[in-house]
Amino acid sequence: MIPFLKSTAAIVWKDIKTEWRTRENLSAMLVFSLLVILIFNFALELDLRARESLAGGVLWATFIFAGTIGLNRSMAVEKDRGCLDGLLLAPVDRSAIFVGKTVGNLFFMLVVEAIVLPVYSFLYGISVFQPGFLLVVLLGSIGYSAVGTLLATMVVQTRTRDILLPILLFPLTLPVVIAAVKASQGFIQSVPFAEISVWVNILITYDLIFLAVAIMVFDYILEE
Amino acid sequence: MITVKKLVKRFGPLTVLRELDFEVNSGEFVALLGPNGAGKTTLLRILSSLMRPTSGFVQVASYRLPSQGAFLRAKLGVVSHQPLLYGDLTAAENLQFFSKLYSIGPDRIPEILDLVGLLPRRDDLVRTFSRGMQQRLAIGRAILHNPSILLLDEPHTGLDQAAGEILDRILKEVALEGRTVVMTSHDLLRSAELASRLVLLSKGKISSSVSTVDLDPVDLVDFYKTGLQGGQS
Amino acid sequence: MLDKPRLLTGLDILSALMVLIAAALVFFYAPVEQLMGQVQKVFYFHVATAWVGMLGFMVAGVAGVLYLRTEKEKWDIAGLGAVEISLVFFMVAIIMGSIWARPIWNTWWTWDPRLTTAAIVELIYAAYLLLRSGLDDPGKRARFSAIYAIFGFFSVPLTFISIRLVRTIHPVVIGSAEAASQGGFNMDAPMKTAFFFSLAAFSVFFADLLWHRIRMGKLQSKVNQLRYQSYEKES
């Protein structure tokens, strides 16, 4: 267990360090998120009433689009200089590579969310800083990053790697999107928790199932 | 050190290695030669546990592959024609990262950087390095954990004359430390100079093998050509 | 291997006969539903094709697991075949559903959980085929698509539950008063006979198609092998 955690931590540390140095990925995700919100603002004419009822959907669409950019890039960096081979050649459990990359991607997604949410709440006067809402953001991002990291590892090995990730990822993460949007919306509109809990449960179920399946099948993606 | 028997590797309908037998003794420096598509890289990737054989017996450093690949990796260093390094980390940081993955302390890092002649540039980003410097650092990365076996896949690709010579000097030093080395190459002269044995791979099989001690450089091209013809018959 | 198995020919004939009989039962044996009229006939084949789509979906998931465990090519071909069949039959089911929905609900498309889930399976399987076409190494292609099919297998039920929690207007056919008001109906005995016979007929049809597809896939890979062998002899 200790070597597993150590190598996972080393991979996360490496990803954060390179990102901190270039900030390429984070700034791209961030600018992209703000642009998506801008487009939604005009496309949906987010007036006072619409703001309340659409906030959950607009936010999650933003997170998901931004997340795709980050995921693709995070695995492309590993593939391009053969770094993935470098990781595979190390005496490290393959699932540590998966968990490390997932935690890194999750971290970047959370950073983007931590910036987008205050901006959004500032622009539209919506209170998002409730523990329940933040829990939903965390749970949704975990499931999305886990499945996204796994699929991105497959996608970078294909010929069509620039276009394939969202096509593979979006239909599989629909339960996350539906549940996260509904739950977020519930918290924003101060619905009693009893009505929201079912969505939180779906998120937890999704996260557990897909983390387990992803860890089980990750080996098969890396061997040749 | 390395024993391969009746190794077959197929990619769908395409057969790359066909019942290949290959043996490397401890401390040998073997150069694998052969035309493009002969299966050199495939063989090396199988020996390095990155690729699974379709069938056949593969044993490296007393570990059976692919089942015991995880144990082998701690004793194996690999240099490929890609550097396997992160461009946005410095030379020292790259080595630090890999030393964590290999669960070894950072003590060897300055020594390694010195060996490959990159100590003065230890804090520069790898992406600013020339191809030759990257390849030297790649060798440093590969011997970081003091592996007993070193596998090199065309390490000279893309290097100019001077960089190639520096690389040769490092390779000789590394090999002198009693390591078993297998290197694929297209460069006959260089291979003859570095290696203790030349092995010719043609159409997925070993077609001939010769010790460089008995080999006159003049006969080198003959060895290559007759070897290839032998493989075709 | 080249000869077509006798059993397969038998299955061809059986499935053709059963589908014909099912059609006869639907059009001549089962009575016309009182409220909906002739359009209700579409229901028998709508459910049967959706059922085949479901079978394909299940087989694809199971074949994915079996492929990863055994690495046998036949499970890859079976998975691909199941996906292709599922894709076609869900498409037919969706179109028939629309034909039904137009007069009954006064709209071609409803975001009903079953219909929507079928559409999402279509998208997942379209992505599956795109993933396959982006991979050249057959081993990698088989492994990646097996994994993707397994992921779909786990994700789709959760999607279905989620959409169902959001809304439902699909009729719950085995009738209740509420269902009747939404376009549901009570099936009398001849209707039930036609319904279950259609399901059986299409299940046999599915098995027949899948068998053909697997056989075709095997022949295809044999042809590829022979082609490479002849290249090698020439060179």
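A, B and C label the chains in the order they appear, each numbered from 1.
Heads up, the rule we're going with is that a residue touches a chain if its C-beta (ideal position, glycine included) is under 8 Å from a C-beta of that chain, and two chains touch if they have at least 3 such contacts.
Computed from a prediction, not measured in an experiment: that's the story for all the values here.
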**OP:** Identify the chain whose mean C-alpha position lies nearest to the mean of all protein C-alpha atoms shown.
**Re:** A
**OP:** Between B-C and A-C, flag the pair that has more C-beta pairs in contact.
**Re:** A-C
**OP:** Return the chain whose centre of C-alpha atoms lies at maximal distance from the corresponding centre of chain A.
**Re:** B
Original post:
Just how far, in Å, is the C-alpha centre of chain B from the one of chain A?
Top reply: 38
**OP:** Report, in whole Å, the distance between the mean C-alpha point of chain B and the mean C-alpha point of chain C.
**Re:** 50
**OP:** Mind checking the centre-to-centre distance between chain A and chain C? Centres are C-alpha means, answer in whole Å.
**Re:** 32
Original post:
Mind pulling the chain C residues that touch 2 or more other chains?
Top reply: 137, 139
Subject >> Junction residues of chain B - those touching two or more other chains >> reply: none
Original post:
chain A: which residues touch two or more other chains?
Top reply: 223-224
**OP:** Over in the complex, which chain A residues touch chain C? Could you list them?
**Re:** 147, 150-151, 154, 157-161, 164, 167-168, 171-175, 178-179, 182, 198-199, 202, 205-206, 209-210, 213, 217, 220-221, 223-224
Subject >> Contact footprint of chain A on chain B as seen in their complex >> reply: 45, 48-52, 66, 70-71, 73-74, 76, 78, 80, 82-89, 93, 97-98, 100-103, 125, 141
Subject >> In the complex, chain C residues that touch chain B >> reply: 137-139, 221, 224-225, 227-228
Original post:
Which positions of chain B touch chain C when the two form their complex?
Top reply: 11-15
**OP:** Would you pull the chain A residues touching chain B in the complex into a rising list?
**Re:** 3, 6-7, 10, 13-14, 17-18, 21-22, 77, 81-83, 85-93, 223-224
